[in-house]
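Some structures to go through are shown next.
In the two complexes that follow, subunit A is the common piece, with subunit B as its partner first and subunit C second.
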Partner chain A sequence: MPGATVTPGRPTTIALDCMGGDHGPVEAVEAAAQLSLSRPDFHLILVGDVNELGPLLDEREYEPGRISFRHTPDWITMEDSPRTAMDDKPEASVLVACHLVADGRADAVVTAGNTGAAILAAARKMGRIPGVRRAALAAVTPTEQTHGPNEDPFALLLDVGATLTASARDLVTFAIMGSAYAEAISNNPRPSVALLSNGTEAHKGPPEVVGAHEMLAELSEVNFAGNVEGLDIPRGSVDVVVTSGFLGNVVLKMLEGIGEVISELAKDAYARRFLWRFGLTMLSSGLRQIQQALDWEQYGGAPILGFSQPIIKAHGRSKARAIGNACKVAVKAARSDMGRVIERAVAKVPSVEEEGTQA
Partner chain B sequence: MPGATVTPGRPTTIALDCMGGDHGPVEAVEAAAQLSLSRPDFHLILVGDVNELGPLLDEREYEPGRISFRHTPDWITMEDSPRTAMDDKPEASVLVACHLVADGRADAVVTAGNTGAAILAAARKMGRIPGVRRAALAAVTPTEQTHGPNEDPFALLLDVGATLTASARDLVTFAIMGSAYAEAISNNPRPSVALLSNGTEAHKGPPEVVGAHEMLAELSEVNFAGNVEGLDIPRGSVDVVVTSGFLGNVVLKMLEGIGEVISELAKDAYARRFLWRFGLTMLSSGLRQIQQALDWEQYGGAPILGFSQPIIKAHGRSKARAIGNACKVAVKAARSDMGRVIERAVAKVPSVEEEGTQA
Partner chain C sequence: MSWRHVYRWDLDKTYLETDFESVRRLLTIAFEKPEEKTNVPGSAALLRELSREREGELPSRVAIVSGSPRQMRKTLEAKLELDGVVWHEFHLKPQWENLRRGRFRAVREQVGYKLPLLLRSRLKTDGLTGVRETLFGDDAEVDAFIYSLYGDVVGGRVQVDELVSVLKAVGAYEDAIGKSVAAAEKLPAEDVVERIFIMLDARTPPAFFRPFGPRVIPIFNYFQAALVLFSGGHLDAEGVIAVARAFLERDGRSADDLANFVQDVVRRGHLPGSALQDLGLAVQELTNVANEAEVIWKAVQRFVDLGSARRFLPPQPPEMDYEALLTHLRSRHR
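Up next, the complex of A and B:
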């Protein structure tokens, strides 16, 4: 469980896969160097080709006591088929990073590499939380309303693509995991959780959503707010939105596309300064809000939930700041008791036979 | 078939359900009065309580030869359960309007009432196009790219909620119907059609999407562009996007929610005029584009596809202009041969047994 295996005295340790991101190892090494100077409370193991990582680190200021290496020359590219790569590259950096956690030498994994490979590597090396049948990839989405005591303008959406379909029991498990993660990361003691459907009424939606609604209504461990509709995703009516991976993936990519279309507007810094100077603060602050929302990918990465230790997937195009944020989030998750919270709540879900609802 | 039953000499006739919209009959009557003055090429039958409709029409200028009435005191409200209302209110205006078409006294139906009731009324009275197993509700969505010779900044999305799940064969039928409708309405001789999925590769998506992809790749009647992702919905990479009703409903409502959030920005007409005067045309035209896109609901209503004659569902909050546009679209559809085009293409789809993919 996260938090359970942290040896007293040993600082929380992150296995940082340095190899798979779009920018190569330089951004991961830069993030590690900065964190080593500012965060005495945790240790980083840089996983990758030491012939590349060593010189990159040497060019930077860093605190040597807080960084170590685990050398491996192999890594999985964005173009590799995740499933094939698992067998063809057993020493790939993401597999080695997950192995370090399985061995108890690290407490969490951070990677900016191939998402499918990260999910499969976690499944192969780390094992699932007892009772969890399917892992879920979660993502933050920009919202109009703010969430939790930190007033984050983001909500958590899961699953966004770890698997395509989900049974009623899977959706309930996703609700439990999303709730535990939001609680651990956002200091939100009782995040509100909803199912995405085509209407707010309990009977609305395909059978797996109706079934999950029934089970969640009985489960005191989750602050269940019922169903939400597509409208509520940009509004942000709840803290955690639960859906199947197929629908979650479409929703997430749609938000990305809308962000791209709108960014044409928000890009023009001169125009914004101009507006502000002439007192059109409403228009100017609106554009600023949109631009901040477009930056949501930078907020710490997407957790892959359901495994016995935290694994955070930073976006492929992450720069040092985003990878650093992902490491901070991973440390927070590793120190929480979310694994135990999830295990305890999942144990209360009735294990009905309902494989028929799976495609 | 649309176009097939139009008697030579008789003008194309629309059965206009005047009763179900949010604004009551006044907007429908206003639309009819305006159309009677400007469009000598078609006739309107106003369906509803003649005690209300008569006085409303008398208050207006109109061309008496182009409007007639079919009295019925009953109608289905937005709050009624569509299924129950079918039996409880056999003389409801939407059922009467569909019956007029079934009887050959009208060529198309327009209604701003309860969507579920419109779909059920069409199914009960008009009958499906041979080979079509499930009807689909289509909607236009605002896009960055334009479509067809008219350069419409909209694409067609279907199904958006006539039913929840769809088999591979249903998705292929939706593709055929969406293509035929886009061709008839947008003068687009060969609209591009894509399946919504979680990746562009043919093997991506749940089994029904993969199966539909295989069938569409073989079907020369549809200009099949493969799979598109969530990103492509706001971009508008294709003219017609095909998905199941559950996913389509979430996507459509999400766009509505995003529109609401953004409209805070676009609302300020003074600011826009101001920008324009100071030469900030890029910013100003961006806001204008967003505002136009927000107005997409006004563009003619949502066709319910799959029935032997056209039925157009205008938004519940439609004013006279929107209802008038829906009538014009209905006339265009009634005069096209889309029913025959759909029947011929559907006949070529292999009727595999694949009910197992249905939830």
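Up next, the complex of A and C:
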């Protein structure tokens, strides 16, 4: 496996792709400056156009010992076709960031840029874990029930958009990767894993879900809890929910939308009637808790699972706080040796490895 | 006697780590023994290297200009001796006299204290004609302002009427204005201030000092200053290594941290890449410097990482508007 293994005592180094997000490099630089002052345990390599990034950093308070730059004038925009851009822009910031990890100079990548480009860059530079045919984007979603010994108020949902479709075997791989991730990151010794379907019965759902159900039911390595329905996601009935990228992305965006709509409705109600304002004031601490739980910025980024080193995808519209939290997730994943943890988990399941990898 | 160069140093927050933020800390500082005083990392190593006599070269002159009260002279001199630093001038502020004479503005005000002192020191020291100067201060007060003004007065770019106007604006007393004007009128116009290093003790963003032009170099530590001084021929490779060692051994910094410091000062335009190349070649000739050499090799990698990116050395302002600069500085300290 290429790349560096995190050495105890050495600061973990994050290659931060500063160019791809909706807000441009300013938010990434702000996040880096803040982290350099507050986190002596990690270094950041800011990847992007130094002609833009440098002056932005110089306007901020920062600790220069924990920040360095890797200049590259190219980056992949949200409008670019990821596959074409890989060849047209070989020095694109996300490719360079992944190369720094593959080269052992950084331990993880964080990017708020084009998701497809991030996946292709990771595949090209860092390589897929043997046995993983498709990568999966894993997001945390707030839940009613808590999970694991840390009593985390969220569950893991994957895939949320790395690929559109997934075969039965892909879904099984996602289940194994999600389980290994939850075990390592949340210290959950045997996380429960379920498939997202339109009914809890084994025969419910499209053929790939039914097929995956059959395979997972046979696997002792995964604590398979069967199928769950959409309403079980916010309830938090299981620790890991597995689905295809298309459906996962729709679910995730809907949950984000609900959070934002609740917040807007509350603001509207507050402005309209004195009685409603009084009621909302009385409920303010509870509402704040709900708002916090639904605040995607606090969860940082979503790991793209399936590569030999960690790569964290921050939301395209991430501001400094979200990017900072994504960097913290990346540090945690690097220190947990996430790539090897998943590689070992996948290797334990011969039926999945047999299918081989696809480029 | 002739001199090779003059190094003028402030003490508090520039050479010594001094926390004035609470009355308790202020009292603690007043009663600290010399051995209890803490250096800003690398400051002692750098000043020692700058003041070191070199065979076949003229000596360098070290002048200390501090805002600490004169009552602390014995302790501060003992501290410098402990650090192995050689100095030629040591000025402390007459705080007791200021209080006794009811000059309360002068207790806090620094421009009216330091500027006449710097000008008179330049005027009264023999053998300084044409000798260039490097000044060290910090971002806690208005050192960048005082040192820039000093450089421009000596350089003949600030006329007497402007000097009087600026000194009045800062609240300097008449005698301080008189001394400054008298010295300025006698000094030959020479462009002698080479560099002004400002230690970012209060973490002021470096861009804040851009209005002062490229002569003012904001630094995060004295390793960065040592590199710039190496590029200017003030230090040899051994001197830089001595300062790097202070950071690696006494400040707990890693080779990666130091390499990042190098990239930072290169990126901001204060250190040319050729200096890094010269340093790398010189370090190859030295022995027992494995850890420090690792810093240099990592720094070379960081230099390569900058690729074709532009360096952002602040442009020289067409003319310095000192009253505007003072307002700018005070906006940070308010």
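Quick note on the criterion: the second predicted complex is superposed on the first by the 310 of 359 C-alpha atoms of A that agree within 3 Å, B and C clash if a C-alpha of one lies under 4 Å from a C-alpha of the other, contacts with A are read in each partner's own complex, and residues count from 1 in each chain.
To be clear about the criterion, a residue touches a chain if its C-beta (ideal position, glycine included) is under 8 Å from a C-beta of that chain, and two chains touch if they have at least 3 such contacts.
In this text the structure is predicted, and so the values were computed from the model without any measurement.
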Contacts of A:55 with subunit B and subunit C, given as first, second, both or neither: second
Partner chain in contact with A:26 - subunit B first, subunit C second, else both or neither: neither
Residues of subunit A touched, compared between subunit B and subunit C (which is higher): B
First (subunit B), second (subunit C), both or neither touched by A:253: first
Contacts of A:65 with subunit B and subunit C, given as first, second, both or neither: second
Overlap of subunit C and subunit B interfaces on subunit A (superposed complexes): none
In the complex, subunit C residues that touch subunit A: 203-207, 220, 253-254, 256-261, 263-264, 267-268, 302, 305-310, 312
Residue numbers on subunit A that touch subunit C, as the complex places them: 10-11, 13, 37, 43, 45, 49-51, 54-55, 58-73
Touching residues (chain side subunit B, partner subunit A) in the complex: 144, 161, 164-165, 196-198, 205-208, 229-235, 245-247, 249-258, 260-262, 264-265, 268, 271, 274-275, 278, 280, 282-283, 286-287, 290, 357, 359
